[in-house]
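Here the structure is laid out as structure tokens; the discussion comes afterwards.
Each chain gets a letter, A, B, C and D, in the order it is written, and its residues are counted from 1.
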Amino acid sequence: MTQQATLNPVRPQAERLRKLRHEVWQANLDLQRHNLVTFTWGNVSAIDRESGLVVIKPSGVAYEDLSADNMVVVNLAGDIVEGELNPSSDTATHLVLYRTYAHIGGVVHTHSPHATAWAQAGKAIPALGTTHADYFYGSIPCTRALSNAEIASDYELNTGLVMVETLADQDPMATPGMIVKEHGPFSWGKDAHQAVHNAVVMEVVASMALQTLQINPAVEYINQALLDKHYLRKHGANAYYGQADSHKK
Amino acid sequence: MTQQATLNPVRPQAERLRKLRHEVWQANLDLQRHNLVTFTWGNVSAIDRESGLVVIKPSGVAYEDLSADNMVVVNLAGDIVEGELNPSSDTATHLVLYRTYAHIGGVVHTHSPHATAWAQAGKAIPALGTTHADYFYGSIPCTRALSNAEIASDYELNTGLVMVETLADQDPMATPGMIVKEHGPFSWGKDAHQAVHNAVVMEVVASMALQTLQINPAVEYINQALLDKHYLRKHGANAYYGQADSHKK
Amino acid sequence: MTQQATLNPVRPQAERLRKLRHEVWQANLDLQRHNLVTFTWGNVSAIDRESGLVVIKPSGVAYEDLSADNMVVVNLAGDIVEGELNPSSDTATHLVLYRTYAHIGGVVHTHSPHATAWAQAGKAIPALGTTHADYFYGSIPCTRALSNAEIASDYELNTGLVMVETLADQDPMATPGMIVKEHGPFSWGKDAHQAVHNAVVMEVVASMALQTLQINPAVEYINQALLDKHYLRKHGANAYYGQADSHKK
Amino acid sequence: MTQQATLNPVRPQAERLRKLRHEVWQANLDLQRHNLVTFTWGNVSAIDRESGLVVIKPSGVAYEDLSADNMVVVNLAGDIVEGELNPSSDTATHLVLYRTYAHIGGVVHTHSPHATAWAQAGKAIPALGTTHADYFYGSIPCTRALSNAEIASDYELNTGLVMVETLADQDPMATPGMIVKEHGPFSWGKDAHQAVHNAVVMEVVASMALQTLQINPAVEYINQALLDKHYLRKHGANAYYGQADSHKK
């Protein structure tokens, strides 16, 4: 028995995908439960790294009509492998993130209103307090605007590429989300559940950041030592928040 | 059998109206479900183009007392054809829109708070992001104020006429809503359901637009290429959002 | 049989009070249903004009512990006539309004957040649109601050008196609410139900007015002709909103 | 039988702790019921003064997984006395408050958004109206920022110490809450229930205060006489709000 098998017992791909379909379906419903979406304005995907297959919400289908069965399975090139519906129109954006960052297991896109307001304003969401620092190790970046050429051709692909360009050499797991200028937030995590979690965090800190600036327009970024303290209290080898044997964060 | 009959089998008018009463009743309830109304501050209508009859909410009746049966049916001249209650006091405004624009199948009026704030401010809701561009092909216009003479006589009729004046040569289906100065939002669509959908969109983008300006007072209108991209991704011959065989948008 | 008996058949006082207790209890619960109160921060009363007895919420009792039976009955001098609990600490304020204005049948006080913000700011809520004009025939006044002497002695009485001073010769039924500086909103109407209705309106228009000013700080008061039109569409001899035989507004 | 036994009959410690576990569990759930928490971002504790034992929420456990049984019991030195889970990572902060102030029976920490915005802005929440004055006898203070040394070592302890430093010689029961700069609100009271109550008050008055400043940037602090009147109407020997025999406030 190999070491990998010990960590992650080999299961048939069909069984893994069945489980992943269920997780992605539930994570899509969680967007509603957390009040992040109006109508169908949000989508969640997750990847099975062994097969390189991605499960994603179908395009434009109401949340109440979603099921584990009508999730769409695509490969990393974007070809539909399973499913009779069109995948989310944002699929190509999700795939860029999976192809570029090996540790990303789930991706979320929404138009949650406060984070979207920052995207429309074209401003990074500044790290102003420990709520932010518990999840994002620095400001939540905002991409540059896409060029007309990038919009005209392969728009969704380019939306992913401009996020990669913006992250540059930052660790995507320490900056698990970003806002795309004039568009809205994307977030990610080790799985679909954590990606949704980070989408919620972005919406909350976006709302708080605007209020903070309204109370004190001269506010400064959080003290770096406090940012370090809170981020590292929850992440990495010396984390001490939560229970050792439970889902961290 | 004529071609039209194939596309839209001739059904007795009574049957069509029964169906339309049900749709309009449900669409009125949807205003509540989407948190667009306080008390009775909203109304939905829809038209049966074959007969030219319009089904509309009765005036000042609580949403919980509405039923398909107490919806009021009026003709395009505003005469009550069926129903024992007074139609919405805004009926004359709805009728102007139906008489002027042949493609409008449903009309909504609310006092949803964010869109109404823009109306009170007398400012068009600027197109600042893709959420807006997915539904409105440009800013959401605000009418001029009515003159005292327009208020004194045929006020509700004139409210409709000033919207027609404001739309001018724009396609009403690409600008499926507007705010009336010092009053509030009206929206429309191919049917009552879509008109309610657009009322929700107006409220959401109105809220986002204010926040966007608070974050960045110098924000510019969305790049025209991005506006085109998003609007046309969902509308027209080359739309690719959603499922080919399902309700687009 | 006298004319009065025809309009309002003589019923035993006990029966009238039983009905009024039920109405006031339900109206207090409506404050919660309309999200106007946190904890016990609100109270509703109503008067039986024939006997001059006022039914009011007991002080500091949680809404879930209220019942028709534990409502307190006081006379216009403030003496407890029925009930074992203390009446609302704001009782003296309610009584001033009943003693001064013969047409007021119900009074409400809340700390609803948007209206309270205007009270804290010490500014009248300006009439900026038709939502406001449908209920208030002009701005919603804000009282002057109480003097230290007025606070030190008979504070609740003086809170009522400063509202009467502020209304001056305005018709209280056309200005069915007011904000007390540094405190919060009071509203009234022909009965408890309508007083609650007006409390909701004040909260909604307070929220809209702030947003309106944020969008356009130079906004002007609503055109007087439009204010007249909307107020008179719903009130007075020529009102045509709603159903002739139903509860107007 | 001693006088103390009459007032507080001696009960076995186990029984008292069982009751306290239940209270703390319910108070933690109340944070959710009052919309003060996202995910696990809040915690409540309470102390049994006879034994000096503190019951507190376990760290990072979802509210729906909490029970009276999985609450953690620690002594005032922070040693776990009962329970298999780690106590809240903020335990050391709670303990400073219990050790310093003999009248505090319950402590709450949340990241409720409006109060947190004031913390991020680094500004005390000013006393602007009677809603505030009913609970806080003056502004709600904001601590100074922690130094890098205070963050680096014994961070949670130092978070408590900076609150004690900020309160200085003020009565903690008249200032039953505070915001920690760049972090968020802490509140307290005679028991867990009252500490939660004060957390709700802080969130409400934080929201109102921002709106008040937006309406009137030149607003002044509440008149001292009115502050006195409202605070003392609810607190102290001459309080007359509520029912003599019921839970005050």
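Convention: a residue touches a chain if its C-beta (ideal position, glycine included) is under 8 Å from a C-beta of that chain, and two chains touch if they have at least 3 such contacts.
None of these values were measured; they are calculated from a predicted model.
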Same or different residue numbers at the chain A/chain B copy interface, by half rule: different
So, in whole Å, the Cα centroid of chain B is separated from that of chain D by 48
Provide the C-alpha centroid distance between chain C and chain D, rounded to the nearest whole angstrom. 34
Residue numbers of chain D (touch at least two other chains): 213-214
Which word fits the touch map of the chains here: line, ring, star, complete or other? ring
Taking the top-of-page definition of touch, could you list the pairs of chains it picks out? A-B, A-D, B-C, C-D
Okay, in this complex, where on chain A does chain B touch? 38-39, 41, 58-61, 85-86, 89, 111, 113-114, 116-123, 145-146, 148, 151-152, 155, 182-184, 210, 213-214
What residues of chain B sit close enough to touch chain A in their complex? 128-131, 197, 200-201, 204, 207-209, 211-216, 219, 222-223, 225-226, 229, 233, 240-244, 246, 248-249
